[in-house]
Each structure stands twice: as C-alpha cells, then as structure tokens.
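So, here's a batch of structures to check.
Two complexes come next, and they have one chain in common, subunit A, joined by subunit B in the first and subunit C in the second.
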Partner chain A sequence: MLSCGNPAVEEQALMPRRSKFGKSKDCVRCRLKPGNIAIRHAVYCKECFTPIVDMKFRKALEPSVNARAGTSKRPKLKASGNLCLGFSGGLGSSILLDMVHNTYFSNRPPLDDSGKPRGGINHPRNASVWPSCIVCYVEVCGAFPGMQDRTEAIRSVVERYPSFDFVPLRIEDAFDESWWTKVSGSNSTPQVWLELSKEGLITDGLHVASKVTGLTPAEAIRLYLSSLPTQTAISSALQNLTRVLILHTAHSGGSSHLLFGSSLTSLSISLLSAISQGGGYAIREELQEEWAPVAASGSKPDNVLRVIRPLRDVTAKECAVYAWWNNVFVIGRDKQRRAILGIAALTKNFVVGLEKDYPSTVSTIARTCEKLEPKDAPSGQCRLCKRPMQSAIQEWKGRISIRSYSDDKLAADLAHIPLPCRSNLDTSTPCQVPPLLALTDFLCYSCHTTLTSRSSRGVKQSAPGVSSITPLPIWVGDRGLHRDGLMDGGARRKIPEQEMLDTVANFLIDNQDDKE
Partner chain B sequence: MAGMMTIKLVFSGGLELLFDNERNQSVLIPSFVPSDNSTHSPPSSSSSTSSSYNDTPSTGETKAADLEYLIYHLRDHLLKERPELFMENGTIRPGILVLINNTDWELEGEGSYQLRNNDEIVFISTLHGG
Partner chain C sequence: MAPTSCSLCRDAKAILKRPKTGQQICKDCFFFVFETEVHHTITESELFKPGDRVAIGASGGKDSTVLAYVMKTLNERYNYGLDLFLLSIDEGITGYRDDSLETVKRNQQQYDMPLKILSYDELYGWTMDAIVEQIGKKNNCTFCGVFRRQALDRGAASLNVDHIVTGHNADDIAETVLMNIMRGDIARLGRCTLICTQGEDTIKRSKPFKYAYEKEIVMYAYFKKLDYFSTECIYSPDAYRGHARTFLKDLEAARPSAIIDIIHSGEAFEVKEEIKAAQKAQQTCKRCGYMSSNDLCKACTLLEGLERGMASSVITDRARKKMDAIGPAPDNIRTIPLFRSTPTIAVELPSQS
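Up next is the complex of A and B:
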C-alpha cells in the first residue's frame, strides 16, 4: 500500500507515484505472455491487443447496421443501402478504412506498399453486409492560398483497398451551385449573402445575389472564412462545411451508413469543444445521429443516413499501436488545419495532456456526454450546420444578456469600457424586440455564435465605403428563403455588380485569361 | 567502441517531419551519461577516442544511460525544428507514444528505463487523429 512519507522527519516527503497499470505486467486476457501495451490500467500482449480493438469496433458499429433491431441476439447483418466512409488521412480514418475492409470487404485483401495483397481476415458471414462502399475526402487547399492539394496522394492510399470507390470533394463545393444541383436535384437555389457586422443578422442584411457575381467557389469560401470573427469560428466553420458536404454526398449516393474515424480521444475533444462554442443542444448528434435533408415539401425522405463513429471506444494511443502493429499506412492530416488556433486546438492540448496522466478521464468525458439529452424537441434543422435546432433561442438570449444600455445606471458604468469598444453600444435607444423574421431564427445557437462572436481584439471593422458582406454555403438558400418568410416574395434586392466587385476585389484570383 | 551503445530509432505518425523526414535512424549513446542529462559533448565518429565520454562532468554525477537522457540527446542533436513539439517539461510531449522493443514504455519504467545495445525505440505521434 502506498503512503506518503513523514514530512516532520523527511524534508522531501513525497507520495510515490502510482503505477498506471495493475499489479501484474502480464496480459490480462491470455495471462500467458508478458504485456506489450498498457491501455487504461489494463495490460495486453501484442497478440491479444488487435482482437480487442476489432471487437470494440464491431460492438460500436454492428448494432446499428440493420434498419430494424429485431429479436435475434446475433442477427444476420444486412444494411439497407451502401456504406460511406469519411476519410481525412488521419490516424483514426486510416484505421477505419483498414478495419472496414478487413471485416466486411475481405474478398479482395488490401495492398501493401509494393502493390501486393497484404492478406486479410476472412469473414464470409460479413462479406455482403453492404453492397458497395465509397470513401469521401474533402480537400481544403481551396480555402488556403499556397496550400498543397493532397487529393491524389489520398487517392493512392484509398486505391490500396480495391473494393472502395474514391469520391473526392473540395471544401469550396459548399459554394458551388453545380455540386449542389448534383446532390440535391435542385437547380434554382440562390446564393445567399449576409452582412455579418450587423448584430442580429436582420433580414435587410440578407441579400440574394444575382448570378452575375463572377465569384468562383474558391473565391467565395475565402471571402466567407475571412469574414468570420475569430480563429475558433474559422475552425468550426471548416468542420461544419466538411461534415455537411460528406452528409449530402453520402445521402444522395444511396448510403445507409456514414462512418467517421473519430477515436475516443478525438471525440472527447470535439464534444468539449462543441459545448464550449454553444453546441450543447446537438451533443447527441456529435456522438451518433440519423440524418436526412429536409425536403422542399418540408417532409423527411424515406432513406435516413445513420452517422456512426465506430472507434468511439478506442483511444488515440490504441489507434497508434494498432496502426503500428498491423502495418496500416497513415498519410496524416493536412498541416494547415493543424496550425489553426482557437478553442478546438486549446481543448485538444488540454485533453491530450489529461489523457497522459489520467487516461480514464477521457473516457469519462464521452460517457457523461452520452447521458445528456435536450429537454425539448427540436424546432427544425439549422440551415447552416444541418443539425437539430433549439426552439426560442432569441427569447432565451434576451433573458440572459443585456441588449441595450438605455438604463441610466448602466450607461454611467460605461466609463470603464475603452473608447474603441463603446462605439457599437447603443445607449440612446431602448431595447428593441428583434424583428419577427430574421436569419437568426433559422440558425442554431452554435452557428449564430460562429458568425457573430466577438474577438478579444474588438469588433472587426470593414473598410470605409465597402459593405461587409459575405456569401453563405449554397445549402442555406435551399427550400426558398421567401417560403420561410426571410425574403419578401418578389422584392429581392439585386446587388449592383460594381458594389459586389468592390467587396470581393481582394479575394479575386488573378487569372484574367480564364475569365469570360 | 567501448562504452558506446547503438540505439535504433523509428519516428512515425508525422514525428519524422521534425527529424529531417527520416523515419529510421540510429544513434550512438555512451553507456554512462551525466545525471543532469547534459548533452554538451556530441557523439563523435568512430575514429575518435572514447576518453572524452568517460570524463566526469563538472557536477561529478553520472548515471547509466536511460530513456530520459536519450530524449534530451535527440532534442539537442537530431531534432531539426520545433523542439516544443517533441519535449515538454523535461519529458516526451503528451500525445507521443514510446515503444521500447515493441513494448509500451509505461511497462518499462518510462524515462528511467536503462538503455541496452541494439534497443529499438519507436516514437509515434498520436496527435493527428480523426
């Protein structure tokens, strides 16, 4: 039994550090061999480790394969559609690819570096669960000038698994009408523009642009990201764009299941990060969800996409060891995204540090979030992130925040606020009830925070004489904004071309020869 | 060469980018090193005498070369950039997994594991997951 020393006698009385694993260094599973890896106080040998991780993967995935649960304890697995895998090139994604291939598509084993079959585990029972599988990758270099395009490198990784079809996407597809037409079948979706500097996102800031803007999708996404107020907002926006792109691609391709390679560590990081940015209402969706786009008629389609993270019980350490011992090639994630700061990066540093000294705490984060449930039913789907939306957000914000400083006593307290920050505080007009129809009513609290959060460096000011407008992803304009009352039926303001060009001049790619 | 050990190194998971993109390397480590992990004397070529490595450092304290010393040695002599991505608070940065001859370093005493000739130490970064 460990005990502290006696400080009265010893100057440096320190409690001996408790070992991170149990008393024995032998494998807890076979009890025959010495352990090779310590996972959360349990020790496993190399031979027992891989089957343990495979079992965790299948336990997390297989209960959700069949459309209906049924009564059999070990039902025959048969999905109602195809399988889609979200692939980033990272550790979890790479392992996911390998595990899915080995377990469900083992007719053709994966290839090694020399192009020869690597050999897989034969599971004839599972060979026909999904008829086909696509692997979606979203290239983000279009949002960052000078960043290397990794699409072909990723393609070469996916091609090692002959049963998988590679579907490359680009982050700027979120602003590409042709991509939207392909996945949604809608060919008249307007590009929605927004004035972000105005608090409240009121309707007169919501302009529907005509088609003669001359802005390419790459230019549009760069303008969108540069308009966001903080690094956290940029990081969050990229995650949302990536997720929605893959959701629509998977759904339109007839997939019944979409898998992401988030490990337990990554999941805990994204859960904490989402909660700290106001995304607590959609915590259950962060873990697992059944998703479908809302149709123009307002009804949900018959085919629902099940979004699952089968590695949610596997820590990053287990993933790394699994990849090492099973020769899984990991190409890695793009460097630019790793360099992005913000709440996500800070949360990652915190959780990774926590995992080193208190490995069970990371699991506790995910387990606690699994128990959370919103009190009321959602009031629809957020137009931006496509997640369930809490009702009466504006009323709630009105109750918890001060909207104006019309009160004399409060106005007197303004003296302590620096002058540059006072300019946007309205002290003259009394508190106004927000307009009945505002884009804010169709955004979840998290997306609203992403678009309007204030940086500690003060409010972003646009150049004088130039309106601060930004395009929104193409799916925001779906289902007709005037139908929701956001736009007056015929009174759409067409932005003059010169005004548009003035706004986006800095973001136009200098390619005069290609312009029509 | 008397008093020297060959340690095989493998860097994976993106960590190789900090070491000149070389996944597989090896280093020569003296059997006894300063207790304060001082790495002032870089390992010389095989033609040099080994007497300089047997000199007692100014502190007078030596220890058998262990993994803690190896980490300092790698930071001071092999790392090409961003030392803060490899070491933190005198030990390996959280998120980097260390395997000693295919065994978790947590089972071998972490930094206090005493190195032996031809040991293989694998450093895998787990920080780029998902």
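Up next is the complex of A and C:
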C-alpha cells in the first residue's frame, strides 16, 4: 500500500509545547484573585476550584437520580432505592465518599425539642435523596498469598462518615456458595468447572463440583487466576469479579444507584483498555449502565440498578488537587494489585504519557466513546461479566482465521491444500470446533478472549499431577445451565433414545401404516 | 527434542508460529491458510464480480507487493474473472519513492500486469519535495495523505476500473481505530473498519488484508522471496500516529490477539444516529468536482494554501476561515483538473519478453 510512516519521532515533528495557561494568570471564574491551579490552560483560584468540581459532580449524577426524568427543569431529587458506593481506597473513590457525604448526607434536618426531625420523618423537607448508603469494598488479598489484608484500615476510613454503612467483601466471595445464597436467595447453584486448556471451551470440559472436593473459596480464586493464560486476563478477571460482586451486593441490598469514583482519566483508560480487549460492544456500559440480574425465567426484574460514575468529567489532576485542598484522606490502593502488567497497565502508561504532549487526549477519548452505541441488539447477558452480549461471536472468530482443516467452511477449499500436507489429513471428525451447545455461546467476546487468548510466549503448562480444570465464579452456574442445555448433573447428557424419538416423532412416517 | 509437527496437517515439520493464532505450522500450510483467509474475506464480503477491472494500489512496499501476488494467485485459482492493474502514485520524494517505483516496475514484469503511475507533479503541480520545502516536515503527512487519496481515485478513473484494492492490513486498521478514538474523529471511526467503502460518484475501495497481521504479510513475503522495497518514507514524522503504532505493538506483545480484538470492537459499535444526523452531508467540490464535505474539497484547500504561500495555515477549518477572510483565491493559481471518471491517460503495458 502507498502508506508511509516511521514510528521514530523526529524532533521537528513534535507538537510545540503550549504554555501551561492562557492569556491571564487570574482566575477565569471570579477574575479577581490570582489563579492557583491550571486545568487545561484555564486558571482557577482555590476558592472557585472546589465549587466547580462539586458542580461537575452533581451535573454528572443528578439527571440520573430520579427513576423518571419528568418535565421539571429542577425536579426534586428522590431515588427509588438506596445508594451504594464502590470504594477501593484510591483517590477517586475517596473523593466520591467525601462529596456524596457532604452533598446528600451531612445536612441533617433541623430537630425539634424531642430530638426528632421537625415536621416528622415523613415531611418532604426531611426526606433524603437516598434512604441509606452502603460502602462496598472488595478485599483482594485472598487472591495473592502474602498480601496484607486492608479491610480494617478501609473500615476506619469509612467510619469517618457516620451516615455510611460499611460492607466489606472478599474477592473469593465470587466462589463462595454462602455469599451467593445471601445475595441471590438461590441455594442450589452448582459450582461450574472448566477445562481451560481446551480451545473452544467445549462442554466436555464442564463439571459440577462435588461437595468432597474441599476447595476453599480462597483456593478456588487462586486456581482460577493461575489458570488464566495472560497477565491481561488476570487483571481483567479481577476487575470483572470486583464489579460483579459489588453489583450483586448493591442490588440485593435494595440499591437503586451504584456509584464508582472513576475520574475522567481513569474512565478514558478503562474505555481504551476495554476496546483493546475486544469489549467494544459493551462500551456504553463502561460509561454508564442500567443493570439487573437476569432472573431464572430469563427476564430482567423491574428494580434496575443504575451504575454511574459522577467524577467522569473531573480529571485525575483535579481530583488530586481537590483532595489536597479539602483535606480528603486518601488511603491509596494496594500496590501489589497495581503491579499486575497487561493491557490495562500498558493503556494507563500510554494515556498518561500522551496527555503530557496532547492535553485533550483524555477528554477526547471519553467524549468520542459517549457518541457510540452497539450495532446490534444483544443476544443475552454474558454469564461471566454480566454485561450485554453480542450474537454470532464464534462465527466471527471462525470466519477470520482458519484453525483446523476439519472446519466445514473449508470443504470447498481443501482441493487447494498443497500436496505434501494432504497425506495425514483427517477431515472426518471435527476437532476444536465448538459444538452447538457450548459455554462459548454464553460468553461475550471479551470474556471468551480473556479465557482463551494466549501470550506469544507459549501456552502455560500445568505442573505434572495438577488438574487442568478450574472453577468458575459461582454466578456462571446460576439461571439453569440445565435449561440452556449445557449441563445435567455432570458432563454433557446423553439423550435417551426414547426421548429423541419423542422429539422427532412428528416428522417420522409411521411404519405401522406401511405394514397395513 | 523431536521436531513439532504442523498443527494443521499433522504431517510436515512446523517451522513457524502463526502470529494470529499462535499455532505452530509448516510453510505450505501457512501459504494455504494465509491465501484462503484472504479468499474468504473477499468472497464473504462479495467484493468483486466477474469482469471487474481492479486496480491494486502499489507502492513497492511489502503490503502492496504481497497483495498483488495474492490477488493474482487467487484470481487464477478461483477464477474470479478480474482484470488486474497496478496503480502507483509518485509523490515526488527523491531517494524514496523513485527507488520504490523501480520495485513496482519489476513487479509489473514479474506479475505481468499493466501499470499506471500518476504523479503529484502531474496532477497538482507540486511534488512532496517542493511541499516540504515550503511547509517543513511538520504536517506534511496531511498533504501527502489527502493528495494520495484523490490521486488514487483519479488514477483509477483514468484506468476505467471499478475497484481499488489497497494493502491496509489488520495492524493498520486497529491503529486507525485507536487513532480515531483518541482524536475524536467520529466520521472516520464509523467507516474505518468497513472492508469496502464507496463515496458518491467514486470508485469502490477495499482492503482484502483487513484481517491479515502485518507480521504474517512479512512472513509470506519472506518465504515466497517476493521482491519488495522496505525503506520508510523520509518525510514520515506523523508523531501522533507513531505514538499509536508504538502502543499497538506493545499491546500485541502483551497479547497477540489485541489487533483482532480492536478490529472486533470497531465492528461492534457504531456512531449514534443523532450524532450521524448532525454530521455534514457529502457534496462535490465546486472547484474540482471531487467528493467533499465543504464547498471546496480538502485537496483543493491545501493546494490553494500552497499556491498562496499559506500552506501551513490551512490544516484546520478555523485556519481555512482565516485565509478566506484575507480575500478570495486569485485567478492565476494552479487548480486540480475537474474530476471525471473517464479514461484519459494512457496505460503502460508490461513488455512481452
């Protein structure tokens, strides 16, 4: 092709560095005081900065608070359920806690002489936007031996806000039947196991764990993570487990809103990272989503959980300055988890580095992704990440690359296989091609890639004597794998002859008629 | 240690690991799967019909050389019934394009295809050497890219072809998806993953290597011992694209499927209807008749800037308005000839040896 391009960057080609701020050093808002901080070439003083960030926060959150938008320009805010905040200890979520508390929970209604709210609890003036607020933290130390448990340290941070209830979770809860029973009310969900080394994740690799396996949830999560093929997959799996644990906890606690403290910077990083991992179909959910677990009947319940990122217009730099000037205590995220390499970490380094020369990059990524929507209607909810799933994913994967000569699609092309390669060719039995009913059909592209895509350094081999099967999160087995035809008490079910006959009976010509 | 046998034919010794699938396969199977995947891309998208005249955008580089070879092979193997041509654009870059065009001329002999070379000098009255002399290296890729696209269409029109195929590979497309997201180019993001694009009154453009990894193209050229030119352009300082390319290579090193995963993402989403409705409608350039979203197409705007000595100030729409405010274009500036899709230029046929 006639393209050209050299990745080596020449000095002259770099964008000229712009000055840090615009024409004036005075605050662009009040125009009175000298500026203290430059945000994308605009200068703000300390007094004007905090209200601006607060305003961005409310502007991003409040249009989604009421269940129905209504016609009023300034509707009275009233959520249909409780509030849940996802907390990691990092900068964004620390600020989120502080902002939510100061904006919606610190202004207690005036009390009368008896110590009760004046006018009664039910007086409209005294009603909170959300009746209560829980703060969920997912401790990941169970996945990494030797890692420090930070639950108590996090608890002490949350206790600074008396209106919030702390709900500690552990990453291994994703494999804990008792936790699942608590949040879903279901007590007969089978633990699904999968043979990850097999390409295509065929149902022959699925097993129901017997009660005697004796794996603790912590052992299960470690086995699961160690079975994943790349660092990218581990990082992505942890992120998904954390997200789904919080989603279920929030939903089961009657929350109508779940807030995450993703800043504009971290949101842009996660958007670009999701696209790089094949998650383009669910890009809208990465920004904001309306989530509900799919019920046993396959339908979605009415009480939908809105997942919102109210700091989506506030950059990481603004968050840092806000925390510093408002004395927000930031305990920080655990370093060991941050050290996991992979696409997410590469994307972060790339975006943060690029932002130095091209300061609008972060904002542009988020704005561009806001203008996108999935091409087709979803074919269901992914069993692993619980996000909408595109149809015909395996067909697409099969179309773009040939992985086996037994693929039906190759039938017309086999005549062109070079002669030296034909002697040992066996096209009679399909291999590696997923059968009709496979777990692959219930996974989104991104999750399927997480489980199967390998690094260029080769396939990780199991140690001798170590089982190559791994448990999957407890929610994968929810909603009737039996109904979906994936499982029946053990491996794939052999259909009895009589049952097959019953199914096709209407299409058979009755032999009796012939005899007569 | 015993040699690994090919994962596909299970017979011959595996000599390479496919970057796209990670499978260890033999050389013959690699040629077969590479060619057959391109064939499937072509047939499933119904790119051609028998009797089509197809121009292959040829630069002498690895992608276009392999494309010419594979198109010729598939055309003969599956009886596509296509008339294939080589179409090259001479940007006028001394020490780069003149050398690579020598490779294209050799390809013309090797593949026995008619070749048409159209130069920027012939079409616009400017070579890239002259443009860089006026504007410097910064932004010169903008001029080259805009001029090349139109030159290809004009070259194709002169050959009276129905279709141009280019050697854009999976890496190029993944890189473009990332670039368009990072710079907010919604219009291009919407169409960059399409295998075939067609503007009003213009010739169809396709990318048969859409799902072919760059590494596999290099591998194919290496094992087939194809004759190609591998020097990078001497004026290629598109720093932003360079950043995106480096990032993509890092992603590929972390997980090779990243390239195809990005393409899948790009195919899975689309621009919201309300955003599409707000985009500018396609029209024709009032000066040269080429498709455009403004009164003047980008090539005419850039050319006017060069002619008026204000080239560096016409890259953006705002700068364009500034130039307009100074006054209308003088009558004596060179302009691009009116676009017509009729054959006007002679084609150089391969010499019969």
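Quick notes on this one:
Here is the rule we use: the second predicted complex is superposed on the first by the 415 of 516 C-alpha atoms of A that agree within 3 Å, B and C clash if a C-alpha of one lies under 4 Å from a C-alpha of the other, contacts with A are read in each partner's own complex, and residues count from 1 in each chain.
In the analysis below, a contact is a pair of C-beta atoms (placed from the backbone, for glycine too) under 8 Å apart; a residue touches a chain by one contact, two chains touch by 3 or more.
Here the structure is a predicted model, which means the values were calculated and not measured.
Judged by the number of subunit A residues each one touches, C leads among subunit B and subunit C.
Of the two partner chains, subunit B is the only one that A:262 touches; subunit C does not reach it. Contact with subunit C, but none with subunit B, is seen for A:367 once the two complexes are overlaid on the shared chain. Of the two partner chains placed by superposition, only subunit B is touched by A:88; subunit C is not.
Touch criterion met: A:352 reaches subunit B, while subunit C stays clear of it. When the two structures are aligned on the shared chain, A:391 is found in touch with neither subunit B nor subunit C. The touching residues of subunit C, counted against subunit A in their complex, run 6, 8-12, 17, 19-23, 26, 28-29, 31-33, 36-37, 39-41, 44, 57-59, 61, 63-64, 67, 77, 88-89, 96, 136-138, 141, 144, 148, 152, 166-168, 172, 177-178, 180-184, 186, 189, 211, 232-233, 235-243, 245-247, 249-251, 253-258, 260-262, 264-272, 275.
Those residues of subunit A that touch subunit C in the complex are listed here as 1-10, 12-15, 230-232, 271-272, 274-281, 283, 341-343, 346-347, 350, 354, 358, 361, 364-365, 367-369, 371-375, 390, 396, 399-405, 409-410, 413, 416-418, 420-426, 445-446, 449, 453-456, 459. Chain contact summary for the complex, subunit B toward subunit A: residues 12-14, 94-95, 97, 99, 102-104, 106-107, 122, 124-130. The touching residues of subunit A, counted against subunit B in their complex, run 20-21, 25, 34-38, 43, 46, 88, 90-93, 260-263, 265-266, 316-317, 319-321, 324-325, 330, 332-333, 338, 348, 352-353, 355-356.
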